[in-house]
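There are two complexes below, and they share chain A, which is joined by chain B in the first and by chain C in the second.
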Partner chain A sequence: MANVRIPTPLRKLTEGKEEVTCAGATVRAVLDDLDRQHPGIKARICDDSGAVRKFINLFANDEDIRFLQNLDTPVADRDELSIVPAIAGGR
Partner chain B sequence: MPSYQSFLSAVKAEVKETDVQAVKPLLDDPGRTVLVDIRERDEWTQGYIPGALWISRGFLESKIEDAVPDRDTPVVLYCAGGNRSAFAAKALQQMGYTDVASMAGGFTAWKRSGLPWKMPTVLTPEQSQRYSRHTLLPEIGEAGQIKLMESSALCIGAGGLGSPSSLYLAAAGVGTIGMIDDDVVDASNLQRQILHNLDRVGMAKVDSAEKTLRGLNPDLQVKKFQDRLTSDNVMEVLAPFDVIVDGADNFQTRYLVNDAALKLGKPVVHASIFRFEGQITVFPAEGGPCYRCLYPEPPPPEEAPSCSEAGVLGVLPGIMGVLQATETVKLMLGLGQTLAGRLLVYDALKTKFRELKLRRDPKCPTCGEGVDRSKIELIDYVQFCAGG
Partner chain C sequence: MNTAIDVAAPSVLELVGNTPLIRLRSVEARAGTGAEVWAKCEFANPGGSVKDRAARQMILDAMADGRLTAGKTLIDSTSGNTGVAYSMIGAALGVPVTLVMPANVSAPRKNITRAYGTEVIYSSELEGSDGAIRMVREIVAKDPDRWFFPDQYGNASNPRAHYRGTGPEIARQTGGRITHFVTGIGTTGTLMGTGRYFKDHHPQVRVVAMQPDDALHGLEGLKHLPSSIVPAIWRPDGIVDDTIWMPTDEGWEMSEDLVRHEGLFVGHSSGGNVAAALRLARGAGPGAVIVTILCDRGDRYFAPLAWNRPTVY
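== the complex of A and B ==
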């Protein structure tokens, strides 16, 4: 089981939970399980073609999955998957 | 018992002497040679040879190892007339320095030959007192403090992030701070924007910022821009500053700042805040990664609510802005390791900092391989979010 870290803007979809435990051997499978538990959240992370949206980054532990195997990046038990969206606030 | 004169002659016979004409080429090309001014402080403050390091005779033995760690580095010493530097050269020889010379005739002969010299920037007694906790740190010292005083930073936004970052930079003694913001102070700003106060509601934020910052440090120069950054003005606004401190409140400014900074070769200390969460990193002047490596595209407007719509914990920008000021000071001093290549994410609710690795995207349109940065086109994006 992997720990998925939910960023503030998406916590509306997880009843406020900042961490969700998900099953899956790849990032894709983990996201599918996350969507099963919290329907609609995957659509916020991935676009219609299934690719990760360009203003969101996924980090497997501390590595950006774009520089690993993207959604096919393997996920081990107790790995941490962080969802990090672009935020612009400064004021 | 030898007289001073015979002692001096004996020492001079044992050290290598050079003359001003032989030292002159070091002005243009010092190579590995280190030129050291060993006179007293009040002599040095009246003028010195450009490029020379100042270590007064009394501290020479204790400080030379830090300044010149390699004993085989060529060292040229000078004083006012060439006698003290001869004794000093002898001492360095005894410490194992293999290539030490004393400049005959000293600074007096140098000036008399019409060679260039300059007045050092020195701290006034008030400044020495004010910055003593900095100058006590060997990593900063008086030279570092002067570096800060000669440095400049541009704070983008005089709001949540710009308040703490500019306040700490002003306190640290940064010489010039630019503030760009087109807004006026509103009562709802005061929950977090500590540059401003209730008496200034309705006042331009850059004017309020100047008042606060100059009140804290009257030596500070504030350059005000009551404006928004656009593709027309961004190059001109950013160009004079050493470090860009990005505390903008919208995506279009952030992409514009990234692109212009890459064109100009300026480092950007980037932070952003949302509700209870903050992100901070440094986009270095050279290499990468840059903002576009991190987020190739901005989110659509409906996914990018601003603080005024989504709310923000008032203390959060304080923490992130102070981290920005820390990184800025480090960049100015060349100290430590910055957040370049690392994204620090702060969750205020959990009091958790997470560090994520950022990589330069070889295909990045602005800092990728083979990209000619001077040809980056500046774009005014459509309004992504409503702003502040």
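== the complex of A and C ==
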């Protein structure tokens, strides 16, 4: 099971939870399980074509998945997946 | 036009403001209504962004009234541009600076602030600017005498910089012809100060706020107020006539159009601002003179792709 870290703007979809434990062998499968537990959250992270939205970064154990295998990046037990949006709110 | 060109400045502080106003003919052509669209080149400030104005005003006002005295360190939360501005002005005036930034701010901004000698503390990358605001409040509460905390979200000097500078400059540069002013809101200082100036001195100007259309957005530096800590300086009554809710994609696409068709490589908040100006231009006609803000350069946003987790508190 992977540990998914949820950013503040998406926590209203996770009942305020900062972290959600999800099953899946790839980032894609982990996001699918996250969406099963908290319906609608994947549509906020990915666009209609299924790709991760440009202004959202997904980090698998601190590595940007764009530099790994993107949504096919393997996820092992106890790995950490962080959903990090662009910085909102005043400079 | 720019102070740097025709004045021998006594310090970097005098290079802040008096930025050029540029006409965006490709945007006017897309609107096709005869409306004029102009943008204030705030990237021409010496620290590279509109934030130089507010930082200078907040520091000078605090030195004048005794809130900032020798031995105190300036501390504030920032996702970058205000931090660069504090660092630049602090270095020039001998004021030490500590900043709290979300850990995922772009590497260029971390590196620029450190180059000035600034200490940087990182807040959670998951909580954005509001996480940094909460952390700086905790740090200051523990040892209030050590710090000067300008609090850019609640400091009247922030909008005052725009009331005294940005507003009158735009009025002069358009020969008083401006009909619409639109800009995105972060601390809300630019909109509050410039908007208030127009309402007081050119009340025909329609003042429009731009906000991201969703809590989860990519218009970095801007606030979606319904889901954010609302800045204390945000007092829209009597100033803001309307709000445009901007999708991230529309702002990002305009950033790309500006670099390819105008030669202006600016950040995404500038793209959002010009996209909002285009919407206004489409609904206006000949005689409309729409002005917005180009907040900073696009090169501030390269490589926001990794951060150093062990430094996150």
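Operating definition for what follows: the second predicted complex is superposed on the first by the 90 of 91 C-alpha atoms of A that agree within 3 Å, B and C clash if a C-alpha of one lies under 4 Å from a C-alpha of the other, contacts with A are read in each partner's own complex, and residues count from 1 in each chain.
The rule we apply is simple: a residue touches a chain if its C-beta (ideal position, glycine included) is under 8 Å from a C-beta of that chain, and two chains touch if they have at least 3 such contacts.
Predicted model, so just to flag it, every value in this text is computed and none were measured.
Of the two partner chains placed by superposition, chain B and chain C are both touched by A:R53. In the superposition on chain A, contact of A:I6 is made with chain C only, not with chain B. In the overlay built on the shared chain, the residue A:D62 is in contact with chain B and with chain C. When the two complexes are laid over each other on chain A, chain A has residues 5, 7-9, 18, 44, 53-57, 62-64, 66-67, 82, 84-91 in contact with both chain B and chain C. Partner chain A is touched in their complex by these residues of chain B: 156-157, 159-162, 189, 193, 246-251, 254, 271-277, 279, 294-299, 303-308, 310, 312, 317, 343, 345, 347, 349-350, 354-359, 361, 384-385, 388. If you check the complex, the residues on chain A that touch chain B are 5, 7-9, 18, 44, 53-57, 59, 62-64, 66-67, 82, 84-91. Of all residues in chain C, only 49, 51, 78-83, 102, 104-105, 125-131, 152-153, 186-188, 212, 214-224, 227-229, 231, 248, 252, 268, 304-307, 309 touch chain A in the complex they form. Contact residues of chain A toward chain C in the complex are 5-10, 12, 18, 44, 53-57, 62-64, 66-67, 82-91.
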